[in-house]
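You will see two complexes here that share subunit A, one where it goes with subunit B and one where it goes with subunit C.
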Partner chain A sequence: MHKYILKRLLMMIPVLIGITFIIFVILNMTPGDPALIILGSEANDETVAQLRDELGLDDPLLLQYGRYMLGLVKGDLGQSYINNRAIFPSIMERLPITLSLALLAMLVSVVVAIPLGIISATKQYSFLDSTSMVLCLIGVSIPSFWLALMLILFFSVNLSLLPSGGLNNGIVSYILPAVTLATSGAASMARQTRSSMLEVIRQDYIRTARAKGVRKNKVLIRHALKNAIMPVITLMGLTLGRNVGGAVVVESIFTLPGTGRLLLEGIRSKDIPMVMGCVVVLSILISIANLLVDIVYGFVDPRLKGEYR
Partner chain B sequence: MEKQASEKNIVLEIEDLVVNYETDGVVVHAVNGVSLRLEKGKTLALVGETGAGKTTTALSILQLIQDPPGKIRGGSITMDGDALLTFSERQMESIRGDKVSMIFQDPMTSLNPVLTVGQQIAEVIQIHQKVSKAEAEQKAREMLELVGIDGGRAGEYPHQFSGGMKQRVVIAIALACNPTLLIADEPTTALDVTIQAQVLELMKELREKYQTSMIMITHDLGIVAETCDEVSIMYAGRIVEHGTLRDIFKETRHPYTVGLFNSLPNIKRRQEMLKPIKGLMPDPSNLPTGCSFHPRCDYAQAICSTRKPAQTFLSDTHFVECLAYESNTGVTITKKEG
Partner chain C sequence: MSEQASALKKYKKRSQMAEVWLRFRKNKAAIFGLIIFTCILLVSIFADVLVDYETKVKQQDFMNRMASPSWEHPFGTDEFGRDILGRVVHGSRLSLAVGLGSVAFSLLLGGTLGAVAGYYGGRLDNLIMRIVDIFMAIPSTIMAITIMAALGASTFNLMLAIGISFIPTYARIMRSSVIGLRNTEFVEAAKAIGAKNSTIILTEILPNCMAPILVQITMSFAFGVLNVSTLSFIGLGISPPTPEWGNMLSTAREYLRDAPHMCFFPGMAIALTILSLNLLGDGLRDALDPKLKQ
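Up next, the complex of A and B:
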């Protein structure tokens, strides 16, 4: 198992090289001269040329990329073009907010989706099943920015129950953002739980368990869910990754000062080191989330344990 | 089966059981009035083609028919004086695995892949007996030893066992609480012939040791001859012939039973062609009128398609449902030696 984890961690290296390279190239292809942005449009050509030279912007792209990667290995993500602050600490400062949001949304999704999926599966084609599946379809299709606005309109403006943004109310501030972010994940997870439970409860070993006199609910949890949960776990890994990405939108709507906002500001001001830094940190997070999912597999399904070498 | 002296020894009695599978206007008549009796320590074979209603009959005893669409529409099932069909789900749960247990056809899929075999055996013990977890686990290891598997393998998962070993585990689960009645639904169909013999031998041994009554569902007449005391031949949801092993094998009466025997290859007359029963099992949602077997029967007369045959007793132990054995029907069977 340790060997497997180490192998997976090593496999993250080529993935990161790929991601950083693509982002680096794209950012350099976008119009606009970073030096001009830093100095403002009134700067004279001489100062601009001098700054370009300082930042190494005139070097070949590959050389620039190599220089960036060399810094990355040392844990140095460079400095912001805008305010000259070191990137790495700025990201780390804001990362807890994004992480809390992504994990909280995940928690909400799981707590809502799995019981809903199980109940829908056991009462297939009942009123409850059809209702929840229609809700799930809506949940998957609804755009998160629109949902966010509706939630703010209802809970903040009309009912004045929850804050519409900012972080001044502690955990309460996270409720609406987390619900917004959780909705589509919860919807797809509930559908997945339902369909894989439906498949499992028709299996012979469920009948064996019933023939042993195991209580109906215990059959569902101990015998069925443990088998049905595998695809749901896969989905959880994907959802966690999507939540981290979705945080960009949700953080801007709810004015949460997280990494997503940082990334967005970086893109707007063409702050290449900031954008690169955010992307690198977020992709490492997503890779780790996927690795965790794969490790959890081994604990849930004993048949896979032997394959982890 | 109106007589039989040993009333007290009756473990299971099914009277006129009717089971339908009902979906959107289509009613599948899976079991149409099955009656049977099983004495303590005896083994009854339920023989018939796929779709004859054998498994449905067996699942009715445990009330494990998938509902919807399966519905028990009539009859009674009595076990040790208890009318099982009046039992609540909770009461049934206390009987399943304890007084009545079942071995299913395919050992590959009957065990839960994510629980160890030890856990799966211990679970049934813990449900029905007041024992601690450790005691149940100990008992589970003993059960494994009993079916010929090293007790140390209790911590392994089903995928680490071969098919025959898995079926032994299933048998260990079924016998863990020493049931009064064991239902074996084609327990060896999915196994290799050599393993089949081992598993059957094991079941016979354990059955004798614990005086367990058994219903053996099979379509293999060889297994019937080897393991059973009485035989019920099922066709289209009815028992068409019933008798002791000797009655059925030596005094075969019903044309369908004769057909079953003729379908077997005979090693002494290898040049002879096999004689399969012509035609197919009738569509159970649209059974033929009269005798269900008449469209496939070599001896069928006009009357067979209009009149339902009744049970005709040929001896105390042997009955047949065929108009040829009722008086004044004009149906005769010209006996062919085969």
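Up next, the complex of A and C:
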């Protein structure tokens, strides 16, 4: 198992280098001189040239990238063009909000989707099954930002039950954002659980277990779910990634001061180091999430563990 | 005997496409999706005939601001008194066009990369797929936001930004289909008579891996439409006054309390488009590959 985890960890390094490089190159294509953004458009040529020199903007791209990576390893993501604050602490300040939102949404999805998928599979073509599958189809089709607006309209404007934004009410503030973010993930997870459960419960060993006299629920959980859950775990990893991306939109609707809003503010003010920092941190987080999924895989599927013994 | 033979003959005559269509036709949900999507497509193609752009979409009417739905304006009017129905109809054009463009772009690039990687194998395969893996590790929303931030908002950039995130999927599907086919007899036969590699890929292999590609096209088209409106909603896509579902919702959000109808219809349009494409995709998958059907 250690070998397996180690190998996964080592495989992450080139991927992280690749991700940061791609993002670095893309953001370098941004039109406009960063020196002019910092100094304002009326600055004279001499000061601009001096600042460009200080920031190392005239160096070759690879050198600039190398410098950035060296900083990244030390936890230094440069300084904001706008208010000169260090990027890394500003992101870390906001990160807990994004993380709790993404994880909470994930939790909601899993808690709703997996039981729903199992029940739908065991009662295939029943009223419950068809209703929940129609709901799931709507769930994957509905755009999250529209769902957010409709939820605000219903629960905040019409019923005045839940806050429409901000963080003033503690955990209650997270309810609508988390539900918004959880919906599409939950819907696809429920569909996946249902279809892989359907595949598994038709197998011979399930019939054998039932024939041996194992109780139905035990067969479902211990025998069927354990085999059916693998594709669902893969989907969970993907969902976590999508949640982090979706958090950008959801944070902006519910005015939550998370990393996503920091990113959008950075884009509006053309604060490239801030944008770069947010994207890099979020991408690293997602890579870590995928790593965790791979490790969970190793635990759930003993065959994988066996390969690295 | 003769009856049996004619039945057999009739059965054999059916082409593969006809088989697929027969299976597809039995799926009510898929047909429903197909009908809805065809309607949406027709509305967007004939938008100019259905609703006049100058008088309905652009013209402002300050006496009639944020009016609720009525006979004259079935979807109500927006903050400038413009007809929302007309704007939703014309909004479909950009969403569908950009969605389609991004799919075409990623299919071309991802498909080629995947086909080359799968067909030649070895080091080239390894190199291409590692790069594809890296692109896959960046979540599509974040990738699209980054590209739009760097290149600036324009229809072409939007297509590029959304399309890039589909490339890995097409490359992977194409590669695995090609690997499955490259050692088959008919490819060997084509090689034996001296066909060029590009000819083999295009005329022998490609038609045989259309099934998964076709399903993926409908799925990524849905995702493309969703992404266009998401990016426009956060101000990085198509900006007003050009009507687009996402930017209409973005404006409507300001008036959520006073004019909720402004929020309702553009969102319904997005949801319906995506729903129809999802139904279509599910139906296609089941019809093209009966083994996968549950």
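Definition applied: the second predicted complex is superposed on the first by the 302 of 309 C-alpha atoms of A that agree within 3 Å, B and C clash if a C-alpha of one lies under 4 Å from a C-alpha of the other, contacts with A are read in each partner's own complex, and residues count from 1 in each chain.
Basically, contacts are C-beta pairs under 8 Å (C-beta built on N, C-alpha and C of every residue); 3 or more make two chains touch, one makes a residue touch a chain.
Small disclaimer: the values here were computed from a predicted structure and weren't measured.
A.B. asks: Have a look at subunit B and subunit C on subunit A after the superposition and call it: clash or fit.
C.D. replies: fit
A.B. asks: Looking at A:Arg261 after the superposition, I want to know if it touches subunit B, subunit C, both of them or none. Which is it: first, second, both, neither?
C.D. replies: In the superposition, A:Arg261 touches no partner, neither subunit B nor subunit C.
A.B. asks: Look at A:Arg303 in the shared chain and tell me whether it touches subunit B only, subunit C only, both, or neither; answer first, second, both or neither.
C.D. replies: A:Arg303 contacts subunit B only, not subunit C.
A.B. asks: For the superposed three-chain arrangement, provide the angle subunit B-subunit A-subunit C between C-alpha centres, rounded in steps of 10 degrees.
C.D. replies: For this superposition the angle at subunit A equals 80 degrees.
A.B. asks: In the overlay, answer first, second, both or neither for which of subunit B and subunit C A:Lys226 touches.
C.D. replies: A:Lys226: touches subunit B, not subunit C.
A.B. asks: Mind working out whether A:Val15 is in touch with subunit B, subunit C, both or neither, as first, second, both or neither?
C.D. replies: The answer is second: A:Val15 touches subunit C but not subunit B.
A.B. asks: Looking at the overlay, does A:Arg207 come into contact with subunit B only (first), subunit C only (second), both, or neither?
C.D. replies: A:Arg207 sits against subunit B, while subunit C stays out of touch.
A.B. asks: Examine A:Arg215 and indicate which partner it touches, taking first as subunit B and second as subunit C; both and neither are also allowed.
C.D. replies: first
A.B. asks: May I ask you to decide whether A:Val279 touches subunit B, subunit C, both, or neither, giving the answer as first, second, both or neither?
C.D. replies: In the superposed model, A:Val279 contacts subunit C only, not subunit B.
A.B. asks: Specify the partner with more touching residues on subunit A, choosing between subunit B and subunit C.
C.D. replies: C
A.B. asks: For the superposed model, what is the least distance in angstrom between any CA atom of subunit B and any CA atom of subunit C?
C.D. replies: Minimum C-alpha separation, subunit B to subunit C: 14 Å.
A.B. asks: In the complex of these two chains, what residues of subunit B are touching subunit A?
C.D. replies: Interface residues on subunit B, with respect to subunit A: 62, 64, 89, 93-98, 101-102, 104, 106, 109-116, 123-124, 127-128, 157, 159, 170, 173.
A.B. asks: Flag every residue of subunit C that touches subunit A in the complex, lowest number first.
C.D. replies: 130-131, 133-135, 137-142, 145-152, 222, 226, 229-230, 233-236, 246, 249, 252-253, 256-257, 260, 263-264, 266-267, 270-272, 274-275, 278-279, 294
A.B. asks: Which part of subunit A faces subunit C closely enough to touch in the complex?
C.D. replies: Contacts found on subunit A: 14-15, 18-19, 22-23, 26-31, 137-138, 140-146, 149-150, 152-153, 157, 195, 198-199, 241-242, 244-246, 248-249, 252-253, 263-264, 267-268, 275, 279, 282-283, 286-287, 290.
A.B. asks: Would you pull the subunit A residues touching subunit B in the complex into a rising list?
C.D. replies: 203-205, 207-216, 222-223, 226-227, 300-303
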